[in-house]
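Quick one: the structure is below, and I'll ask about it shortly.
Chains here go by letter, A, B, C and D, matching the order in which they are written, and residues are numbered from 1 within each.
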Amino acid sequence: MTKHQGRGIAAIEYPTGMNQNGDPSQAWIKLKMDGRVDVFAGTVDIGQGSKTIHSQIVADTLGVPMDWVTMDTSNTDSSAFCMGTFASRGTFIGGNAVRLAAEKVRGRILEIGGELLEIDPGDLEIIDGEVVAKGSPDKKIGVGDIAGAATFVKGELISGQGTALKEYATLDPETGAVTIPPHSAISYAACAAEVEVDVETGDVRVLKLTQVYDVGCAINPTMVEGQIEGGAIQGLGLGLLENCYPYYPSAEHRGGQFGSYLAPSMEDLPELECIILENPSADGPFGAKAIGEMANNAQPPAIAAAIYDAVGIWVTELPITPEKVLRALEAKAAGQPESTRDGKVVRYDEALSMSSFQAAESAVRFAV
Amino acid sequence: MKAVGARLPRYDATEHVTSGTRYVDDVRIPGTLWAKALRSPHDNAEILSIDTSKAEAMAGVHAVVTFKDVHKNVHGHIEGLGIPGDEPLLAETHVRYKGQPIAAVAADSEALAQRATEAIEVTYKVLPALFDVRKAFDADAPQAHHWGNWYPHFEGEMDRRQIRKGDIEQAFADADVIVQGTYRPAAIEHVPLETQVCQVVPEAGGRFVVYSATQAMYFSMGVVAAHLNWPLNKLKFVGGTTGGGFGGKVDTATETITTLLAIKSHRPVRWRWTRAEEFLFSSTRAAWHMEIADAVTKDGWILGRKMLTLHDAGAFARFSPYGVTKHAFHHTGAYTIPNLEFNGFVVYTNRTPSTAMRGFGVTSVSFATETHLERIAQTLGMDPLEVRMKNATRIGDTSPNGIPYTDPSTVPVMQALSGAVGIELPAHYRTMTSAIRSGEDLPGHLVAQLGNPEDH
Amino acid sequence: MNITINGTSRIVNAGPLTPLLHVLREELDVLSPKAGCQQGGCGTCTVLVNGEPRRSCLLPIAAVEGAEVRTVEGLASGGKLTPVQEAWIHHYAAQCGFCTSGFLMAATAYLEKGGSDDHAEIAAALGGHVCRCTGYVKIYDAVAAAARGESFDLATTAAGSRTTIRGVEL
Amino acid sequence: MEDPAVLIPTSVAEAIESFGAGGDIAIIGGGTILVPEIRLGHARPSRALMLHGAGLAGISREGTRTTIGAMTPLSALSSLGEPIAAAVSNIADLEIRGQGTVGGNLCAQNTDAPRGDLQGVLIALGATVRSVGAGGERSEPAETFLPGRADRLVLDVSFDAPAAGAYAYLDRAHTHEYTALAVTAVRTADGTIRLGANGAGPHGLRLPSAEAAAADPSAAGVAALADVQLFDDAIASAWYREKTLPVLVRRALEQLKETA
């Protein structure tokens, strides 16, 4: 048999929002005179679905049907500031911005509704586009009627703005210590990879990826799956295929086309199984926290461990190309040990540079 | 609650399947010129002269820009976060990587713009190039960057990101075994299906509309405004529709140069990178070199970690100092390690600069620490799952920077995974929770680092 | 030179070597095919030429003179989407959407030729197309569901077949 | 702009006349290689010869002899049995196979990865290439044709039906990459074993040393290393090709035996 199978596991964590915070997102919302909701935010939907998710957050925060909500993220004239779509901040920070804006609008709807119904706003709620007295569902008024009254009777534009911003976490440059959490939340995940290794060619196939993600709250489960599935294949590319510098550190022989830069394709997509856990974050919108970026972090170590399980070699330079597998198998066959022991030190790979690393400001040198 | 938790389709799903979605390259403005850049053919060189006269004289060429046309040629994209700029928009005295833009041209057609870039005459003095981060600190190493071979401007003018926690030497003295390993993930491309692209349109009133595929409209607008020394109301960014980003479209790679061409030509200008430019000259995920030495006990507790990280930034820093800080903050992975000594360097090499990519700073460390954990288990003859469950972050454990975790879920995540793949965990780990450590889950070495999650 | 685009005859002025993609996008304003790589490597520019899927970035216009070219603009008629378009929506097979046009045309040709819901057959037909967002999972799901002749509720999306969601206690 | 002068012949004779002695002229078969190169300015020929209307497409059979016109699309070759069918199904994808031609594949030059997957296959089949150019029409074995292919206009290729054929190649997981290395083994009607390789030199190569040792597939694999000129490129190193060429030779020969 030239093909051997193995399984490996990895567990990871990943922060939500920019490291050390200080990265605001803002949004503003206005009601049309029939109660329909216009949301303006600067968050760019790069395909991950933030615009849809933000609309879902607004709809439920206000208590109106989803199709009442229109979002405009198209330009910097109408939208509010957003730091950007990166650092897994879209759902949490962008989502909190629209939630905070919607809460202000909701508060004003209830106040005006309270005036019109002659009921304390605290005794009102908004259900499916209607302001309803708690416990007396027959006492109600449509949000559209409230918006109309505001516009034509009170002379008011019902609107609200929200800014999600966590204070910048200053660090001690000597120790790296901070005094406030330097992130918005942390998500957790684990992955099991099952692989098959051809010991004659070094080729590795991933047969199955089983993954668990704690996302706090899956605001749109299909979109969470989209992140997890897309991330899984990018993780597979990281683990086995992709390299801008095939002869790193040399810059020779770079691939400049799809036939020579090995991005994952449809062929041989592994079986995927996914469990989404909901461990709500303290202050994310509806308990949500990040999923986007972390989705390609757990597969490479799980694949490396699975290859070890299959054929007993560690390849610790990514991607784990067939060539690296064959070289490691040759070294193993030649009797080269996986690790060496010196006293209580067990050394894998080459000797570390760090022990000879001199941290003097003047002459920083280290020997390999 | 009806919308949250529902499997609703994308707001633009119908547009996507009917070609209603308009990407930047789909914007049609009559009279639009095409832009092309003259890029460095050398990895590292001094620029002796730049002569654009022949290109400027070509019929159908409407603008040629060089560093001379930029008000502030060097602007750090995250100067606001205390990370100073080091990269010229258009090369002035040196080129530091093959593909670095030196000049740009706007012309009637894409082919003509390409020919015009070829008519620009640049003379160089080629310098030796540095590619190996492990040789960057050698006295005889080629100089990759005008600041030296590694970034020197972390807080307090430190030349590295440091983490110091607990008593690292005591942990190594107390260890039964010290496990060492080295981990080196590669640089990869973002591979968005839409290459870097923008269109800039001058408006009669003096404003410029920038159709941009950026992942961050305000951020990119700020970058363009800073280079031009313009107030924000002279620019309008139109965006929000991006054909894939994955981190690479935070770079503001096209917007400023295209705006300069639109200013100079008084015409709308489109710049769309070719796929080869995208593969070779758009920024990459960085390659990393990570060394770990862990002090462990024979029953699988990790007492301490020493780690050295060399981040291969490529020719300029871009977001790398930020990425290395994030890397440092997460270098214990999903586990608690009470004693730490971390040193991380942003190392310059003469390759295409790296930038943010999905998992920025952490993807590398997840690979290193998880693989290392497997090796610890192997060294000790233990089940790697047991080592994971034992050291898994719990409520009240503190992070590398000293913040107590309030809601970690490594334990239930691992339990769910074990169940899904049919691994029978020992009873203690099957019933373990994330609750504050006590009993056998709270060995002596973890007592001192426990924090109070109520403080946060 | 004449070509027929989605049933309408169009006059083309471009030179004979000009790629069909360039003619469509820059001369005729048919914008669904995308210039993803212009090397034939990604599939974002795929259109149907006389019913066959082709990379329009590789096809010189002179070689398709008189041909019948179909693009995404010609799929839906009278506001009614085709099953494969509906499948794409219901199965969330498009995220950023940039690869979608090419995939839809390749899938349309596959289904018009009687393609099945078999994973390997779908891969053989669409496997040269690159998507960086979805991991292809939901693209397979969409093509397979359309091949089975399913009908699609466009107000919601399909649950991933191998996903479970549950709460967790710390 | 100096766009190339485009010639669009409507007959074989006209195509031959247009090509003349070759020179600075780009031959556009399916267009899959040169159309993007010209479009992006990487190739700037002064003339381009478009063959789509020249009547060079089609497969004909005469007894055991199969002749494939240069403009025949690769997709049409999948009915020709092994080893061609297996090799063709591994070229690019369905769409490009419908457009790329036999002549274009035979004349492809390596870029940052090997191209021209049929070169080694046709060598193994003992195919004859009929071409025109300086010195007029010429028919020669594929392996002697290939080094000078840049200056020739291919008219057709022909070969006798083999008794059996096998194709073994490196298939990287989860990608649609160019093929780093491939080996074709053919048993001819008279029982001779022929071997051709792709990705083992500047173009497809015959493996004579391996053929001589073909009775022992493992020995043949090692012997093949004497026949090749291995190199580093974006998708495989010379070292890796050296390690896997013997495996592929052995696998192709074993596969051939199974089709006894």
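Note that in this section a residue touches a chain if its C-beta (ideal position, glycine included) is under 8 Å from a C-beta of that chain, and two chains touch if they have at least 3 such contacts.
This is a predicted model, so every value here is computed, not measured.
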Minimum number of chain-to-chain contact steps, chain A to chain C: 1
Chain pair showing more contacts of the two, B-C and B-D: B-C
Furthest chain, CA centroid comparison against chain B: D
Interchain centroid distance [CA atoms averaged], chain B/chain C, Å: 32
Distance between chain centroids, defined by C-alpha means - chain B, chain D (Å): 42
Euclidean distance of C-alpha centroids - chain A vs chain B, Å: 15
Chain A-chain D separation of Cα centroids, rounded to whole Å: 46
Chain A, residues touching no fewer than two other chains: 46-47, 49, 214, 218, 221-222, 231, 233-234, 237, 254-259, 261, 263-265, 267-269, 273, 275, 277, 279
Residue list for chain D, restricted to those that touch at least two other chains: 40, 92, 176
For chain C, residues contacting two or more additional chains: 37-39, 41-42, 92, 95-97, 127-130, 132-133, 157-159, 168, 170
Category of the chain touch graph - line, ring, star, complete, other: complete
Contact set on chain B toward chain D in their complex: 109, 111-112, 114-115, 274, 276
For the chain D and chain C complex, residues of the former touching the latter: 3-4, 6, 8, 28, 30-32, 35-36, 38-40, 48, 50, 52, 92-96, 98-99, 176
Residue numbers on chain C that touch chain A, as the complex places them: 37, 39, 41-42, 92, 95-97, 122-123, 126-130, 132-140, 157-160, 162-168, 170
Contacting residues of chain C [partner chain D, same complex]: 15-19, 22, 38-41, 43, 46, 52-55, 57-60, 62-63, 106, 124-125, 127-130
Residue ranges of chain D in contact with chain B within the complex: 1, 40-41
